[in-house]
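Note sheet for the following structure.
Letters A, B, C and D name the chains as they come in the text, with residue numbers starting at 1 for each one.
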């Protein structure tokens, strides 16, 4: 193998485990979502397309180079692989990328599609994200239009991150959510924090309904 | 046995497993729901009536012919068996039928009963359904009136599918949801996708409440 | 022991198991709820007061007579024991009584307290209840005012059941839900059916909010 | 060790277990929340900062004195440790403190931040809290403003408890919830009761939306 076999196996096992976790949360319906872990500066392990993410085995994980090309594998990764490799290429510190499809992220991203971002503000849980030391802040989570042209979308994301380096996650409208981290646990911590914030945002909208109506 | 014994056993085991899965999702309250898997061109395995779908054992699964007649069994399948066999008769490619009773499908099917369908549009998860390659599409999920006259309902479904061949699921108002697939995993993928879409539709209605009221 | 030891043990084990099930559903918060199974015409097994219902062991179950008196036990059953024994006294066919505290039952029972009942209508799942053969029917689930005077409440329930024999469950406002059955599995099936109906009723109210507001 | 080693180990194991429980409920997103158990009149065991509360091991628990100082450990407890030790200092009967971050507590505490408390009234489940013998009562759950200055917040809490001794839990706006008890099980019972009451309060607001709008 072109990379250290044991590193690949560990990455594959960790991806399977995070898949079971994220699926159990209800964030990967049907065979949606894809997850990757960087192996070294040139390669990453990623989920094959079309697999049920709650039931992944090591046979469902393939090695890709950072151009998204499958290495010595008959498996095919998702068309969205470029959204993973684009992040690995732009920042060596990024070691894992997680893409999920929760109901909350999907619905919020459609609702705020025109505005282009979801704003969350003054939550203590914001401190679970990098470089945030106080709740007295806000975060704009960008929303990109959904498209089947992933190469173009990847460039848009790249450009956005150039202009907004303190970004740790984005939505694609009606599609889902991407986050990443300096290791798989950090990426998982981020997704939990973002999904918590999405759930709070939605519940606040539902309750404001009440106060607005009355 | 009139069919390959091992094929029946495998089908029965798979039905028990999918029952535990679907029950764990909350889509089979009480002893509702029924599931089937085609054995060959003439026979299918199906759940017996009145069993708790989260606790199925192989003894709860019976063999039926495609007229819904129990073969060498004292078990009785549900009156709705004809909705399963009707699908197997019309399309040889259908290998599994799943019928569930989620709260969301039940409530949406009552809410849109007069309209006759639930429309879902522009969701990436639509691509989990057969022959859908882009999110830029919509799906009308038909709603049939509930009835205890299953033979007539089966004919209505048949006629609808003649006119709308690209249909992969339907609701019965105040009752539940039917979907199917070219194998049990495909049928399960479809149900996860449809239930995700139902949940999105409901959440969007709840949040539009807010924007409408304000 | 005054009853068959093995029958008591089996009843106790079944109560522990149903406790884990009902707790896992979220219907027994904190140390709320109590469950009983009839042993014979004179005695029943019931949960001791103040135990966590998701973690019951056989040591948490005591024998009572149908006047609610603990038999050869230092355990104390809940003050609400009389609501169990009242049902066993009035109908020999009742073999199990389950009392739970779901959020949905609690909130609906407060919302409809003045009306005195919750009406559910035209749901297929109604057929999970005894003697209901079609969805084309309705059910009024009675709501009693909450009180710490259980003896009086027990009489009120008794009188209601005299006048409304086709009743399989009732709410106490702001408190919880009671159901029963001809065996423990039947009682469990009823609670699943009622909780499904409560969830549908609440979701329909939330969505009607939308249509009313718009 | 400065305290009985076995008592510390037991406390640490119990904290890990309650962490798995509270995480499974969804009340500790990402690496939020912290839990402690008093060892004796001078020391307590507490979770280290930054750990995932659903996956705690004994290595994640440290000993602190009641000034919040880590004893013979390289682990660091949260800045909020003072909110734990402040409670242990003021009341010898307090043996465990649990701090969680549920969506419901977070959202309610923001919604009622100006009012300064959440009122819950006439719920049977109130009897799960100390010294409450009837549902015919109400509880005001105080809400403190969020701050990164924990020492000052701890004093505010202390002052509030001086004036309101029958308090068993409080919120910090946009942050989370604190409760405690005379042992870990009591603290856990309280959190279940409070979260149940929060969920009821939210659902009632959502349904009043409907009645207000119509």
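Basically, a contact is a pair of C-beta atoms (placed from the backbone, for glycine too) under 8 Å apart; a residue touches a chain by one contact, two chains touch by 3 or more.
Quick caveat, the model's predicted, so the values are computed rather than measured.
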Interface numbering overlap (same over half, different under half) for chain A and chain B: different
Superposition of chain C upon chain D: rotation angle, C-alpha, nearest 5 degrees: 90
Rounded Å distance, chain B centre to chain C centre (Cα mean): 31
Averaged-CA centre spacing for the pair chain D and chain B, given as whole angstrom: 44
Residues within chain D bordering two or more other chains: 206, 209, 213
Chain D residues touching chain C - in the complex, by the definition given at the top: 122-125, 128, 133-135, 185, 189-190, 192-193, 195-196, 199-200, 203-204, 206-207, 209-210, 213-214
Sites on chain A touched by chain B in the complex: 29-32, 52, 101, 103-104, 106-107, 110-111, 146, 148, 172, 174-176, 202, 205-206, 208-209, 212-213
